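What follows is a pair of complexes built around chain A, which joins chain B in one and chain C in the other.
Then we have the complex of A and B:
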């Protein structure tokens, strides 16, 4: 068992508790929007629920899962203790206090600004303080990952950092860069406004700052899934990692191209000039590259496994893969959803076509498919993979894990395909109730009902997930594996483990490149706000 | 495994080249649309003070709605506020270039005309502008698509597209939605 297993479990259970609550809220929201009357339905409750659902899924599930999994990787991939465990615990408790503040302010209706808070709407200051604490907690984690990797490199001169840890640290570096935008927005604009020190804000500037964070945060969420694709799934399938080098290049590409593209979220805003948008649009095309590389390397790694297991012919290896293994199954389902998610993303990024889908259900559908589908299903699979190591018990029932993964993928398809369709036909976003008696939108009703059913399947699947994990803890003492000690965590070995160039064994060069790209992408748009100095908008407090 | 290190590297290079090609084609298509066809998202760095929008000038109450400008162009002016559009219905002629200009005196809003590519955010401090052409006659929904407060769901206006022959501005050039 990892030494830090209590710390890791604390993080992961916090993540999944938030997930469970947010999932139920999501279903209720679908019900309110559907043609059927929902209990407790009101605009106020709806937007409180949307704020809570978004914050819990986007900030709590992700951040705490990534931190918990990161500590696990740091200990098992580097095979050395994580440095400063007390600091790690302090960070955890800071994050918990932050979550409590966010939950308290949101539930009491003092922070109904959605999780992307739209200034000049201004929530209770304690909402922002809570978010700051969560971010600070994650910065502690970033520091520990960097220190851990640095210490390992000093102890193992000339050796290449194990891929799982290299990728985890890449994510920590990415996250430090990513949070700069939102931290600047909260510290310099929102907190002064919320505490009543300022009465007006530059709305365009706050949007530019938030966009800095808005794209890269998605890669922060997604990298654990990619770590599982590269280092865990091929191992589970009995194969080898096709290429360690290609994997490193992909993670580095996420780091450098994930950041200078956030303005693509503001394509429909008036304030960024066309040229600023065009630069980041070009860079956005490049962010497709690491995912395209990943598809190849992971498929090739799985092909090795399939062929080692006797698969023949062009595609015979696919059938020969051990699909009964939850991790292998989840990888397959995740890739399947990635096709839809990737296609949707290409439309969003396409500048002109963005006008067709901006702020429609298409966007909601897109990120539910790619994050809620492709990424979160890998969070489940990672949990199933590491829970035996954390608790020292074998999985009570693997068949239930498979049922859970299948039902999640099916539920997500049923939920989000109708949204894609309705969004393409102009169903606008963030609306509590639609007037289905209007003849132009009455045809939406059956599709909204289908989505509602998808949501119900997701809630059932989520409940099964929690139950599958809870059973590890309540399992019979007899099922403990003391007799046969649990095998340590194994990560996939490269087909041809060679030496790694120094550039791909650290982040110095890449940090410089990020700095250059971020300056090119953001210096002018931010400076522009100060140069044109637009009239500010009066703060609208919603902390009722 | 049968596959040696050199073949691995070669296969990767081939894939990377193919994917670079795919990306280049996509980028080329988008660049052609923007530089060749001038299809750009609605940027418009034009400032306006949210506090004084109503008082006088272009967006004063009496100037809102559709107007045949003395220069001959058709401009539709709108104000989005918590939680309504002013005016709540605008009329525009079919198959005619129309410029939509929108401002907000309070918080962020967004407008779209359902079934068209008219789509822009409305950011207090700036004038949003969309140029378009409505091809089909009829009444279309124009909702606010960005969260602007608890009344957001109720914020919907209408665009009435009429044949050019039925588009009859008054002596001042203004056209109003006739009672249905």
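Then we have the complex of A and C:
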């Protein structure tokens, strides 16, 4: 059992509490947009709910889960204590205060700016202060991951950092780079506007700064899933990791190509110069490389496991895999959804096709499929895998875990596939209600009803997930594993343990490359605002 | 993991830097050289201008082939808001008496509905934007250009305050105009199949459209029809982001006529 299991559980339960609340809001939102009358339906309530749903899922679930899982990996992969545990707790409490401020301002209707802000809309200053505290909390975590890895390397000269920890630290480095954009936007533009110190904001500048964060944040959310793909799923399936080096290259590729690509979120914006949109579009294509490397390596690792378990023939190994193991099942379901989500991503990254789906439900559907589907299902599987280590108790019912994972994947498909379809037919996003009596859109009703059903399945699945975890804590004493020492966490071993290039055992080279690429990709688009000095937009306060 | 890092002199770093550098170079060549040169040639731009535009150094650089001029430079920023808030309608009335009433009459109406718009019922912001665009050349008019040139910012805001405070004129048509269902839908809902937004989204009192959108209700049909044609043909270009040029190009002559007639009616029939 990790020494810091209380700290880890505090982070993870905060994440899943936010998830549970946000899930219910999500269902209500689908209900409001459906052909059926929903209680408390109004545009004001809808945008309060959307802001709360997005902030909880995008900032609280992810950040706290990643921090908690990171502390777990740091202890179990490095087999040494996390440094400065009191600082870790201080970071946690700072994050909790931040979450309380965000929730308070959103629920009171003083921050209906959605979770990506949309300047010149300006929320209560305490909304931004709350977000800053969550980010500061995560910076503490990043520092502790870097210190922990550094200390381990000094204690183990000549050895390569375990892959799970290398990937976790890569994520911390990625996050430090990622948050520079949003931190600059909040500290230098939004907070002065929210406190009434400025009357107008440069919308182009704020959107450019947020785009710095906007795409890399997705990889911050996604990397824990990839850690599970590489280091946990092959182990659980009884196999070996096909290539440790390929895995490390994937993680550093996310670090390098995840960052200088954010302008593809601004293809339809007038302010970025076309050359920078084009260069970031080309670099975005390269982000597909680590995903394809991962699909190849993880499939190869699973094939090894399947064949070790007696699988024969071209695809016989697939059936031989232990699909009853939740982590293996979740990996399969995640990969299945990754095809749809990845395909949608290819559409979005292409300038011409992006224009067709811009501001439609297609975009909402895409990020629900890729994040809510492929990534979050791995959060569940990781939780099921590490909860016995954290609580010292065996899983009360693995079958319920499998039901939960299946229902989540099915629910997400039913929710988001109709959204994709309607988006292609121009259904606009960020709209509270539709008039289904209008013959132009009346045919949407059955598809929106299907999405509502998908949302209901997701709420049921989410409730089962919370229940599955809660049962660890209320399990009968007979299920305690204290008497027999819990088997320590095992991560997958590489098939061919070989030498690791020195560059893949640290981050100095990658930080230099990121600095060069980010300077090339963003220096002029940001400087552009100061060179051209475009007109600023009047601040539009939604502060109650 | 039992893996051991290589000694420092491995070639891996060089290969990585080379690969990433090559990919970045390829991206840069495509984005900053190849694409702007090819597309710039289609727009009649010389290579240097096309390359400068690609990196954002020549904003609003006109394209000679398409005859584009620089767009409107009016923005709703704090300075403009303060200027308009300080507009004095009494001073505006004096200026109007000197330079405006021969065409726009003392009540803001027109002396020739076929060529001169009524400017009654407009917001001060709409009046100011047009005066400013006429002065900068973003909107072209042989008659209005010299008049606007003679006005300073304060005088424009005074005129805007004066004309912006006048009551709308009476309608020529006492009855609701009969228009096709298709055009009525265009006004109320737009046409998704042509990516046309609803006219009413911007051109209606309390609509949430751009702040400078003029009020069309009560405008003379011949003037609206002429402006739609001017937008469609690219002769009028002071609409921000080319909104009205994009819309007008998609309208048929019949739709333009019906829309123009419609706004001369006393009220929306729905």
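By definition in this document, the second predicted complex is superposed on the first by the 544 of 544 C-alpha atoms of A that agree within 3 Å, B and C clash if a C-alpha of one lies under 4 Å from a C-alpha of the other, contacts with A are read in each partner's own complex, and residues count from 1 in each chain.
The working rule: a contact is a pair of C-beta atoms (placed from the backbone, for glycine too) under 8 Å apart; a residue touches a chain by one contact, two chains touch by 3 or more.
Here the structure is a predicted model, which means the values were calculated and not measured.
Enquirer: For the combined arrangement obtained by superposing on chain A, do chain B and chain C clash, or do they fit?
Expert: clash
Enquirer: Which partner, once the models are overlaid, touches more of chain A's residues, chain C or chain B?
Expert: The larger set of chain A residues in touch belongs to B.
Enquirer: Look at A:272 in the shared chain and tell me whether it touches chain B only, chain C only, both, or neither; answer first, second, both or neither.
Expert: both
Enquirer: Have a look at where A:525 lands relative to chain B and chain C in the superposition and call it first, second, both or neither.
Expert: second
Enquirer: Given the touch rule stated above, what does A:440 touch, chain B (first), chain C (second), both, or neither?
Expert: After superposing on A, A:440 lies in contact with both chain B and chain C.
Enquirer: After superposition on the shared chain, which partner residues are touched by A:493: those of chain B (first), chain C (second), both, or neither?
Expert: In the superposition, A:493 touches chain C alone.
Enquirer: For A:97, select first, second, both or neither according to whether it touches chain B, chain C, the two together, or no partner.
Expert: In the superposition, A:97 contacts neither chain B nor chain C.
Enquirer: Touch check for A:475: first (chain B), second (chain C), both, or neither?
Expert: Neither chain B nor chain C is touched by A:475.
Enquirer: Tell me which partner A:17 touches in the superposition: chain B (first), chain C (second), both or neither.
Expert: After superposing on A, A:17 lies clear of both chain B and chain C.
Enquirer: What is the contact status of A:538 with respect to chain B (first) and chain C (second): first, second, both, or neither?
Expert: both
Enquirer: Please work out whether A:358 is in contact with chain B alone, chain C alone, both, or neither, and reply first, second, both or neither.
Expert: first
Enquirer: When the complexes are fitted on the C-alpha atoms of A, one of 6-14, 24-32 or 168-176 in chain B overlaps chain C. Which is it?
Expert: 168-176
Enquirer: Please report the chain A residues shared by its interface with chain B and its interface with chain C.
Expert: After superposing on chain A, chain A residues 270, 272-274, 277-278, 281-282, 286, 426, 438, 440, 498, 528, 532, 535-538 contact both chain B and chain C.
Enquirer: Which residues of chain A touch chain B in their complex?
Expert: The touching residues are 43-44, 46-47, 112-114, 118-121, 202-204, 207, 240, 242-243, 246, 266-274, 277-278, 281-282, 285-286, 288-289, 292-293, 296-297, 300, 304, 308, 346, 350-352, 354-356, 358-360, 425-426, 428-434, 438, 440-441, 495-496, 498, 528, 532, 534-538, 540, 542.
Enquirer: Tell me, which parts of chain A touch chain C in their complex?
Expert: Result: residues 158-163, 199-200, 244, 256, 270, 272-279, 281-283, 286, 426, 438, 440, 493-494, 497-505, 509, 513, 517, 520, 524-525, 528, 531-532, 535-538 of chain A touch chain C.
Enquirer: Taking the complex as given, what residues does chain C use to touch chain A?
Expert: 1-8, 10, 12-13, 16-17, 20, 23-24, 26-28, 30-32, 35-36, 53-57, 59, 75-78, 81, 189, 192, 241
Enquirer: Under the stated contact criterion, what part of chain B meets chain A in this complex?
Expert: 1, 3-5, 8-9, 11-12, 15-16, 19-20, 22-23, 26-27, 30-31, 33-34, 39-51, 82, 106-108, 110, 112, 114-115, 117-129, 140-141, 143-153
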